[in-house]
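Worksheet: the structure to be examined is printed underneath.
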Amino acid sequence: MQPERGVLGVFAEVAAAAGAVRTLRKGGHAEIRFAAPAPYPELVEALGRPRSRLDSVTLSGAALGVAGGFALCIGTALAWPLMTGGKPIVSIPPFVIIAFELSVLVGACVNLAALAFSAGRGRRRRAVPYDPRFSADRIGVFVVGGDLGAAERTLRAGGAEEVRHVA
Amino acid sequence: MSDEPRDALSRRTFLKVAGAAGLLASCSPPAGPQKLLPYLVPPEEIIPGVPLLYRTVCRECPAGCGVTARTREGRVVKLEGNPDDPIGRGALCARGQAALQGLYAPDRFKGPMRRGADGALASVSWDDATAALAAALGPAIAKPSAAGVRMLTRPEPGATGALQREFMAKLGATPRQRVVLDPFDLAPLRAAGAIVFDRPELPVFDLSRARTVVSFGADFVETWLSPVELARDFAGGRGRIGEERTRLVWIGPRLCLTGVSADEWLSVRSGGELWVALALLRWLCDPANYVPGLAAEAGSLSRLLTGLDLGAAAIESGVAPTAIAKLAGELARRRPSAVLGPGVLSTGRHATELAVAIQLINWVLGNVGSTVLYGLDPVADPPSPVPAVDALLDDMSAGRVEVLLVHHADPAGALPLALKAAEAIGRVPLVVSFSDRPDATTQLARLILPDTHPLESFDAISARRGVVALSQPVMTPVADNRSACQVLIDVAAKLPAPAGPLPYDDAYAHFQQRSATLFPGVSGDQLAEAQRVAQQRGGVFGEVKVERVSLRTPDPTLLVPPVARQRDAAALDLVVFPTALRNDPSGEGVPWLREVPDVLSSVSWSPWAELAPATAARLGISDGDLVALTTQAGAVELSVCTYPGLHEGAVAVPMGGREPLVLLAAAADSRSGALAWQSGRATLTRTGRRAELPRFQGTPNQQGRTIVRTVSAAAPAVPKPAEPGKMVPLPTFPEHRWAMAIDMDRCTGCQACVVACYAENNVPVMGPEAMIRGRNMGWLRIEPFMEEKNGTTRVDLLPMMCQQCGNAPCEPVCPVYATYTNEEGLNAQVYNRCVGTRYCSNNCPYKVRVFNWAEPSFPEPLNMQLNPDVTVRSKGVMEKCTFCVQRIRAAENTARDERRPVRDGEVVPACAQTCPARAIVFGDADDPRSAVSALQRDGRGYNVLGELNTLPAITYLARVRDEDR
Amino acid sequence: MSAVLAPAQRVQATVLATQGRPRGGHLLLIALAGIAAALGAWAEIVQIQQGLKVSGLNRPVGWAVYITDFVFWVGIAHSGTLISAVLFLLRARFRTAIYRVAEAMTVFGVMTAGLFPVVHLGRPWFAYWLFPYPNQRHLWVNFRSPLMWDVFAVSTYFIVSAIFLVVGIVPDAAALRDASAGWRRRFYGVFAAGWRGTDEEWRHYARAYLYFAAFATPLVFSVHSVVSWDFAVSILPGWHSTIFPPYFVAGAIFSGIAMVVTLLVPLRKVLHLEELITPWHLDMTSRMILLTSLIVTYSYAIEAVMALRAGPGPELSIAAYRATGPFAPLYWTMVACNCVFPLFLIASKVRRSPAALLGICILVNVGMWLERFIIIVTSLSHDRIPYDWWGIYRPTMVEAGITLGSFGWFFFWFLIFVKLLPAVSISEMKEEVLHEVGHAA
Amino acid sequence: MQRPALTAAAVLGALLLSCAEPPPPAQPVPFSHRIHAGTNGIGCRMCHAYVEHSTVAGIPSMARCFGCHKFVARDKPDVQRVVQTFQEGKVLAWNRVYRVPDHVFFTHERHIAAGLRCQTCHGEVQQMDVVRQASPLTMGWCVDCHRQRHAPTDCLICHK
């Protein structure tokens, strides 16, 4: 995958990186990305991206689990009705437990799938040039498009240890 | 590997993988026999898969109950009573049920054996064996009256006995040279008949007419005389209320099962029964008590008894005079009554005196001719008087016996060792045994000619006058055994002169000739037909009139109780007792009789020593302590079980093993010569060790919980619990609701049902180790509950099995639906679906589910007994009582074939079928007219733990206690 | 005021140092655990061949050590998710340094617990019948059975906690991947799943992690409630009790956190994590032990009071049997371990002393194992009909072997885990130290 | 990447192979149902005599074979072998084709009484020279038929 043209600034300090990001945004740079070893809230806040929309997917997974749980219990109980302990064939209270467990299970699995999908897609669509330091102790701020020269200046001014253009 | 192309799977790998997968697929259970063998010529009567019934007779005890043997594909799988037989009337006791395991005993001799010079037994052919015997008899019969030949046999009241006598006569022997041995012979009763009525025979007791039954140590529901018949007749008077109900009083040092059924227990010191009997007789005859309607001889008897010291009677027996007077008063009032005894528990040195006193009581009360019947004993091959046995032992010891023929008698193993029978037999040069299973005597035998089992032979047994039960082979012999009759005929044919062959082609010809005498005046085809019909019916059952007897005034010395012996205060009376499961040592090789726990102690397999709790506390002994019991005769070590139903001055040891025989002295009843079972005193010393008993019971104390209920005769109804609130509607059963009612007023705890259940349902025997670990596999058990109240011990019995609950707690917890309620109200258990979580057992409040802890084993040929209609369960599977669902299905099948509904009483589970007391009734509770529905509505009916809303299908009818009289 | 990322480097270096070939004592421990696990496997093979007669089980005691082990390990598994999920939602800061260990413990705990339902079966080769799957026999499973609930609860718990653990490891694995070479780089690469730490990844990650925590939180409470229903739903006196779910959950957290501490104290020494896992962390954890100990004590008291209130009958009888019967020594040992010794944690000196803490926590583990044993065995041997009080259950060598094997199995995986994957969350610690620096500045 | 796939295929293939219908067992004498039941139209019950009365259908006794073959087809060597075996007082050990596990209590009687043809389960035997298992005899197969015909599906009908 070919990273887009842009300018990459490497920061050693979170606050500096966050400051640079804020400045860049004020400067009208639309496409600002970063790569960091931890989700530093200051930085995330500075970037101002909207909240992830995994909710609806995960929730529908959980709902699917509930429905599947009840369907499984009721369906199998009716498939060969056997009376146990004088209880009704369709005994809802115990089935609630299965439905609950399945809602958690399916919800969590769907959540995982959604995370893998969204994070993978995000990683590809908003790629940041690879640098092993970004998983250790450095933050990379990557600006794509717009006035790259201005961006470079802003990054340097913001305290970047190193700034380079990516072709 | 690196040379191979990466994308190709090598052939070797493929084969490896394929092999592993094949192995995986072959992990399913191994398939059974894959061959189908046709009949050469199909037997007309056999339809494979359909049971074929034969009538025969039980030979486990002298009572002679009729048997219906159920066979499948030519092998017998179950014994049931013969309903046409007037003695058993379709019921069998535990021993009778277990006769099958005698037939299929793995240790049975497989053919004739001869002991070689090295002392080991080696197989020989029948020809060689009979020739060897004939050769050995040759020199013996050359002597006058074949002096060196003796025959020792069990009582053979039929064709076998007759042939034995003929054989001995052929040898030139006198009748005295044939000795009939029965260690449990009721010789004192026989002697009393001779003394009092001039009838040297055993009476028959008809308890169905008795309103009060008094038993002096006669354990008639377990072993005494004819237990099935007596228990049935007795139970006929139970389950009723008020005056209608038969009352039972037990007099003895230990509560045996008969005592447990009793309404009152007079706890006497062992040996004190005679004092009680005489005091009772004296009270009844005493003119001062104005007992109406006594026999004319009462006056003279009263005069004979004036010398009886009532104070001494109270001291010697431990029974208060008021108790005796109360009992006498009841006997005076409630007539007819029956006074029974003596039994093993009351057979001491003065047993004949006791028997005389008992028969005198019966006489003065007018019971003789009403409930006590003379003239019905066929006196067919009665046991020899004990002096004859002693003479035989003397002759053997003195070397006067050259050949001893032993026929199903085990003098070396069944008599007290103090009689030194084994030593005596050891001096006989040739001991020939006809036993089909090893016992102490066969160990001394040089030649073993194994007889066929009664289920493999013909005979005509006369257990009562007018009743001749015909036995017939119900299957081909399991091994190469030959009937003793046939062997005698074969041997006789080879005997040199002066003896000669017996005039029969074979044993069957002899039997036919003999059974022909049952039909006087009939011959030819008519005779053959009559014989066939009799065989199908199981015998010739006629009515014989009871004979009137008259009293001979007895020798006054008989009515004088023995002078009190000096007693060693430190010693305890040694009480030996037989039970329904344990009586003679032949039961040792019958797994069912040892695996099923004793009802009262719940011990299986091992013997034990019983002590009253107070005695144990005094001696500082607790349950499970190993103690040494010492008598003059010997010493044994036994583990202690405390039992509140034992006199405080006694220590009790069950029969059925070596232990009591080691302890017993060579004592005899002074008049009849019978073995005096109760004559010893034993000292008890602690060994300081403990030995865990295979005991299957927590505590007999029901902790104030109303698990087993009793009602008083005055108010015979159980308080009905309030209807519990129902969260879900009650289950309904469209087809049937199979249900059971168990009348605990009838149940005697004889365990016949338990053994029948083992036989019917392929319940495995696990052995003593498993029992110690609490792994009894019985589907049905009798739970005893005991309490001590007002100075007396009450024992209540609760037959416990799957309650087939409507709201079964075991069902919803099973994750795989291996158990559920079916449309007929059965709590189904599907073995092949069970994965073995054991949750169902945990959640069963009755704890009636049993788990297969190990793969059950049915050592050959015991596997031939397995019921083909019931799955043999494998390890890891839960199982339980099914209400004999295979029988339900069979009855439903027949009903459908005949296009009719199942009739009430058509389905009879194995337990109900064999119950001598008819305490178990089975049927459809959906049908309001069924017998079981009627019993469910009985005032005494209740459900065990009914408060749990389990809706059991078993209704227990509370035991009636009629104590305050 | 600027936050320097230098402490992050220290965190990473500390954790990186824990990775590598196990040596010396660690290797020996792995070997020992492996041997113990093999011993357990051998005992299980013996049991499958000969049937459950090799156990001490009987009628009426149909369950004993195996189910005790099951409940014990499920209980152990509890605190992991509690710490990682519940404390995450509650924003408890002391969680950060210890949650990875706890989570790993959870996963291996459930893995261990999951063996026992199979081990205790009479026919374990049919264990797959416990899962609902279409089959030619047209047979399904009984969802009314608490054992079925167990199947679903434990499987769900295992899957969800495994996901939780693996998802938490992703950024750390990426960090380690970038810091190492050779096969380890590839190995971490698998767990990193291509992680680059971009803003987009973090954005979804943070959200998803919150949901995982939200899913795991009710699971913490539900799983042990379901396990408690194995007993509470029955009608056996001593089991049939409405207090069981909260009682079991509290007990599970109690035993689980005790186990976390049991693992942490030696671990921080062996892996030189003292700087990351400080006495403060131990202190905070101990407080939770103290709290749950008090809840457990309260439950015991309530049980006794309820039995007394019920009056003479099965309930009182079973309570008396526990306290005075043949199992009384075990019962009072349990009370001492669970109710008395934890009270020492009131002293902060004890809470901050790793050695004392370790001692108490081991005692709590023993006590909690005994608690389950007593609940299961005494109730079964003391049912409603006194005839069935057949008596004493005694464990056999096979049961002891399988129990030992379960510890071996658990530690085998755990000890390998700490050498293969980070036992402390690197990314969260990096964030955490930043805060600390911030606070310090 | 291909090796695991191939391995899986091998496992699957082997499993399928091991589950596949085994060839019909060879019999001691090549008895042909086609000739007996088909060509000659002998009814099933003639030889399987117990089918209406018992759980088992029964296999014909040697005497039953001899009953006809005393006269019929004496020239055939296989028939001669059967007759010779009978006259020696021996029996032929047939190989079982249909088998249900020991925990299944199947009864022929009720199925015949319900009006089922033998061929419903045993296939068109009268057309088979060599009898092979015509139906799977699995529980699901039994249950399907019971459900279709509203026969009982209580577990205790077949398992007890």
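A few comments on the model shown:
To keep things simple, chains are lettered A, B, C and D as they appear, and every chain counts its residues starting from 1.
As a convention for this text, contacts are C-beta pairs under 8 Å (C-beta built on N, C-alpha and C of every residue); 3 or more make two chains touch, one makes a residue touch a chain.
Please read all numbers here as calculations on a predicted model, not as lab measurements.
Interface comparison, B-D versus A-C: the higher count of C-beta contacts falls to A-C. Centroid distances built from C-alpha atoms place A farthest away from chain B. Centre-to-centre spacing of chain B and chain D amounts to 46 Å, using the average Cα coordinate of each chain.
Averaged C-alpha coordinates put the centre of chain A at 30 Å from the centre of chain C. Inter-chain spacing, taken between the CA centroids of chain C and chain D, is 56 Å. Chain geometry summary: the mean Cα position of chain A and that of chain B are 81 Å apart. Residue positions 80, 82, 84-85, 87 of chain A each touch two or more of the other chains. Among all residues of chain B, those that touch two or more other chains are 809, 812, 814, 817, 820, 833. Interface of chain B with chain D (complex): residues 6-9, 13-14, 17-22, 24-26, 29, 31-42, 47-50, 820, 822-824, 826, 828, 830-833, 869-872, 882, 885-886, 889, 893, 896-897.
Chain contact summary for the complex, chain A toward chain C: residues 11-16, 33-40, 42-44, 47, 49, 51-52, 54-55, 58, 62, 72-73, 76-77, 79-80, 82, 84-85, 87, 91, 94-95, 97-98, 100-102, 104-105, 107-109, 111-112, 114-116, 118-120, 122-123, 125-128, 130, 132-139, 159.
Listed in rising order, the residues of chain D touching chain C in the complex are 138-141, 143-144.
Taken in their complex, chain C has these residues touching chain D: 135-139. Contacts from chain B toward chain A in the complex involve residues 728, 730-731, 806-812, 814, 817, 819-821, 951.
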